[in-house]
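Okay, so subunit A shows up in both of these, paired with subunit B first and subunit C after.
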Partner chain A sequence: MTTANGRFIEVKGLKKYFPVHRGFLDSLRSQSKYVKAIDDIDFFIKRGEILGLAGESGSGKTTTGEIMVRLQDPTAGDIFFDTINVADLQGRQLKEFRLRAQMIFQDPYETFSPRLTVFGSIVESLKVHRIGTSAEKVDRVKEALTRAELRPAENFLYRYPHELSGGQRQRVAIARAMVVDPQFIVADEPVSMLDVSIRAGVLNLLKRLRSDFGLTMLYVSHDLSTVTYLCDRQATMYLGKIVEVGPSKVMVKGAHHPYTKALFSAVPLPNPDAHRERTPIEGEITGNIDLPRGCRFNPRCPYAIDICFQEEPDLVESEPGHATACHVFPARAD
Partner chain B sequence: MAVTTMPQTKSKSGFRRSLLEPFLDFVRRDRLALIGILIIVSFILIAVFAPFLAPHDPRDMLRREDGTLARLDPPSLRHPFGTTNLGRDVFSQVLIGTRAALLVGFLAAFFVTLIGTNIGIIAGYYGGWVDSLLMRLVDILYAIPLIPFVIIMMALVEPSIWNVIWGISLLTWRTVARIIRSQVLSVSQRPYVKAARMAGCSNFRIMYYHIAPNILPLALLEMAFAVGWAITAEASVSFVGFGDPTVISWGQILHMVFLTGAIRTAWWWVVPPGLAIALLLIGVFFTARSLEEVVNPRLRRR
Partner chain C sequence: MALLDVHDVEVTYRTKEGPLKAAEYVSFQLKKGDSLGLIGESGCGKSTMAKAILRLLPDNGQISGGEILFQEQDLAKLSPKEMRKLRWKELSLVTQSAMNSLNPVYTVGAQIVEAIRTHEAVSKRRAWERAENLFRLVNIEPSHLTNHPHELSGGMKQRAIIAMALCLNPSLVIADEPTTALDVIVQDRILQQIVRIQKEISSSLIYISHDISVIAETCDYVVVMYGGHVMETAPVREFFRHPSHPYSLGMQNAFPNLEDVDSELISIPGYPPDLLNLPPGCRFSPRCPFADSVCQEERPELHFIGTQHGTRCHFPDRAEAFRAQAKLPETWTERPAQGQRGVGA
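Our next item is the complex of A and B:
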């Protein structure tokens, strides 16, 4: 199965359900309930493209990212990576897949074992995959650090994570992902725990890695300003569904889905006098065990009409490459 | 090549910084910890040099200058702790008895920690039915009292000091396993464990290279407490007469006092081994307590 029209990664019908354990007696009654963390999503990423995945906590975006690199197993669905379906790789094939797909984690403070040096953390993939001699391993680790703009690399090799700043750690995390020359990287909120002043540096580094090495990336974040800055296309997730997907440039100007609009209106503007239309949404993301009937956003949607409480909307393209799952927006011709 | 060996030497120094150094710092400030360590070190020195320190062979039946057997002589210059009903030198026996206490204490604690840590890591890391199975086993072991268990084991197999060590080890790992498991449950959710999985590490490598070093301080702490339990258990088992008859231990000495009925009259035969047990345990627990405060800094505020 080769993916056509430049689609490097294609996800089809991806689902991830977590069983809810409520107690011993309930498990006997076999009325198992599920948290539908990801509820049947499709998307694709082109080669060398950065796709942003935005949404609140609980929307399923991190789970999606972790399934893409097979840190978690999907409940159902296919993930075509180039030509192979990686959704149910096991054992040696899964280990080989780790050389092609890597991940950068959110928390730069917890992402390194406090007992390993920078070298020890980065060289781990090379050791496990038995790549190179000892000297070659050192060279590759240095090269990875250099790529992550930690120069001179020698100064960082034998330091412990607690001796580094948050920004430096996140760069080491990037070096760790880059050391195996992956084709695809999932970056899970890589800058959300960094000072604003150093965010841009890390985001620019990710951009540069994409252009220098042709990396394909999935960028997961709740912060639409960084998503729009970094990504070519972006998708908004809400309660395990993709509710809107489109080119970043188009979406920043005119998002259709009320939820995406609300996320955009939460982004601070640099001009304090600027006024803009705010989309007010109330409350927090609802639990995804007992989903509302119809559109799952209806309890919080200020525009909900009758049909929103009856039928679940499908993703419908309003213009090429821009699709929205909403009954109200964009205003339909019919 | 010199460069590639550096991480190892560095990680050792990292270990020193993260555990031993705060511990030593703490000892400098905490008098009780210092006392505890001094006590343990003294006992270790006594155990090592016991044959040279002991004025008599602990099994020799000694005679007075007039040629009669030195039965139940009270303390004197010749016999600092007096003699037993068979004219044996109590001082020499107590010195030699240090060896049994330390051997059982440290070896049993080592095995307890080894078994408990491994079971705890496996249960906490794999979770699911593996965890349930191992933890139910721990529950069952918790229902068995330690000293009767060792006594019955001694009665079933031959009483030897090794069987005392095994008896203690086979039961006491339950506590270590449970504590290590709970720590592993938390550690294995940390992103660095996910990162290790992304690197392609096997479960074995994740458990023993990425998780184990991070629970090592807790394992060492549990080991210190296990030394205390093991010494108590050995003394108790020997006191009731199920210990190794060929090995002189403090419990064994107390057993003989009790058996001969001299426990009411010959205080010099009772007090020294009893004090030795209490003193060593105090040393162990003072040390373990300060180690606990290093491992768990929240305790320091109390």
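Our next item is the complex of A and C:
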């Protein structure tokens, strides 16, 4: 069942603050400081949709992904998952939720125990959730491997992680996520460690899983070329805020936020004659403890005007489904 | 006369499982002031070639054949002492992990001054002035010279490393994935700087990357490596307009392109070869949709189809047909016979 407006997942007012422990004297003098890794964000994902979360390191995209599958607890906010709020599920209900939401990580080398075979790693989730008899478990693991295009599955069951290539390992990770028949998958930089010729295969596999099983996905990456290729819609994060969200095909041609533009314009093109118009932004991403007043992008923004240093902009829709948090674009841009 | 003439170089590593040839029959030339992109995936031998040229191979690796002529002397035959004099002065290296090679207890400026004074008899003051100019060249405020490495951001550290690599005006700079650890925007900025500076000081550049788009934007020439062999070599425009080796075609198909977001990416089926257990013929034959029995048995030569355009393929004259067929996804669908195991990179 899906909420009335077709939103399968709806996030409202999500926050994640980490306390910063500095010196002893500081702790006496003032109230605690926080790193605002995620600072009040809203977004939704429709059933069967792939949403991309793009941004540089420190933007909060990975933390958001991990909270979505409840690997981390939110500081505040609601996460409606098919009408139930999963933001503060505990105990047995949380365990049940984990059957429905799975995660694929960046580094296929680090997510497997070197002492477990492929079968051993994948069957673990079935054991934890007490699914199936021994024979059924074997069948389900084989089926998951087949879904991840590791065929014939028998050839992979009793291999160890070190016997597999990077691409094969990432496919085993996908099989491990698929074995519990999830409805939602968070994939955090799943192809950034893989070689080019292997990368396209894994991206296409994710696309196929979506169309074959109606999976809903959150794809987290700094690489706008893969985000744009894979995702129906994408959101740009900067220092814990979503600064722009819209359909990928619209954003790639006409992003509004200067930061999204800069991210797109920084992607090199496989064409020696391409002349990229670069958006001239300054410096590097700043820390998110002492945020600037007004728009948090203002120290790097070449277009900032007075109001940008006074008021934090809200996400405002400029056309259906495309919203930007910027005082200058698209509203006042000439 | 080329500044660098790599001729039939072979590099072998001793391993527990036996000798491993990481590079074989590798030949390419580089003229003064030109830039060459060495493209390939992990295990293709591109970084091994960088280390071989700089004679920085690990203890179990050696140049087991061929010659590396640099300014008309064979680097493969130089003594370690002679080589030390050339390194930095004439040949320098920027790597992705170089950021972490700065010494944390000295200021960045002190480290650059030391590097300059180790190779050249100049006063401290003169060396410091040069360091200031270098920092300006890489767009860092010279006052940062008095900072310790931890006080600089990742992007600044990497630029400081580039400044160090350039401090003795080397004839050849080798950059091995110098931007992979950085964020996209910083990465792009550093890329622009490398290109600009290389032109300004007219040194030659070998840029090593798995990213064909980075090479497209930075280099004049392209050398594609796969399984230790050079598969294709061409001027950069020629490479992108008329790629000729099936591996190059597959790589270009698999690469996402923001200029063309509607095309489906096509991956190359299978996995790169295990260097300890190489296919006898063409190294790409197990994954090549056009492979014939001759491809499985005989190693192809690098055939020149243009003055500077070579392809290591048995069918250089079918390149045009390959280009057309390679665009169709069904050309690359996996054939059931390929159960071969890839290398764990």
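The rule is simple: the second predicted complex is superposed on the first by the 320 of 334 C-alpha atoms of A that agree within 3 Å, B and C clash if a C-alpha of one lies under 4 Å from a C-alpha of the other, contacts with A are read in each partner's own complex, and residues count from 1 in each chain.
One rule holds in what follows: a contact is a pair of C-beta atoms (placed from the backbone, for glycine too) under 8 Å apart; a residue touches a chain by one contact, two chains touch by 3 or more.
In this text the structure is predicted, and so the values were computed from the model without any measurement.
S.K.: After lining both complexes up on subunit A, report clash or fit for subunit B versus subunit C.
M.R.: fit
S.K.: With the two structures laid over each other on chain A, which partner does A:250 touch: subunit B (first), subunit C (second), both, or neither?
M.R.: A:250 sits against neither subunit B nor subunit C.
S.K.: Just checking: does A:291 make contact with subunit B only, subunit C only, both, or neither of them? Give me first, second, both or neither.
M.R.: neither
S.K.: I'd like to know which partner A:125 touches here: subunit B for first, subunit C for second, both or neither.
M.R.: Only subunit B; A:125 stays clear of subunit C.
S.K.: Using centres of C-alpha atoms, tell me the angle at subunit A that subunit B and subunit C span after the overlay, to the nearest 10°.
M.R.: Taking the centre of subunit A as apex, the angle works out to 80 degrees.
S.K.: Please work out whether A:112 is in contact with subunit B alone, subunit C alone, both, or neither, and reply first, second, both or neither.
M.R.: In the superposition, A:112 contacts subunit B only.
S.K.: What is the contact status of A:71 with respect to subunit B (first) and subunit C (second): first, second, both, or neither?
M.R.: first
S.K.: Applying the document's definition of touch, where does A:272 land relative to subunit B and subunit C: first, second, both, or neither?
M.R.: Touch partner of A:272: subunit C, not subunit B.
S.K.: Have a look at where A:195 lands relative to subunit B and subunit C in the superposition and call it first, second, both or neither.
M.R.: Second partner only.
S.K.: Check the residue A:158 against both partner chains and state whether it touches subunit B (first), subunit C (second), both, or neither.
M.R.: It touches subunit B, and subunit C stays clear.
S.K.: Can you tell me whether subunit B or subunit C touches more residues on subunit A?
M.R.: Counting contacted residues of subunit A, the larger count belongs to C.
S.K.: Can you report the least C-alpha distance between subunit B and subunit C in the superposed arrangement, rounded to whole Å?
M.R.: 12
S.K.: Based on the A-chain superposition described above, do subunit B and subunit C contact any of the same residues on subunit A, and if so which?
M.R.: In subunit A, no position sits in both the subunit B and subunit C interfaces.
S.K.: Where on subunit A is subunit B touching in the complex?
M.R.: 66, 69, 71, 95, 98-99, 102-103, 105-107, 110-117, 119-121, 123-125, 128-129, 134-135, 137-138, 157-158, 160, 173, 176-177
S.K.: Report the residues of subunit B in contact with subunit A in the complex, numbered from low to high.
M.R.: Spelled out, the residues of subunit B in touch with subunit A are 1, 3-4, 6-7, 10-11, 14-15, 18, 190-192, 194-202, 205, 210, 213-214.
S.K.: Looking at the complex, which residues from subunit C come into contact with subunit A?
M.R.: 41-42, 153-155, 183-189, 191, 210-214, 216-217, 236-237, 240, 250-259, 261, 264-269, 271-272, 339, 341-345
S.K.: Considering only the defined contacts, which subunit A positions touch subunit C in the complex?
M.R.: Where subunit A meets subunit C, its residues are 56-57, 155, 162-168, 195-204, 222-226, 228-229, 248-249, 252, 262-274, 278, 281, 284-285.
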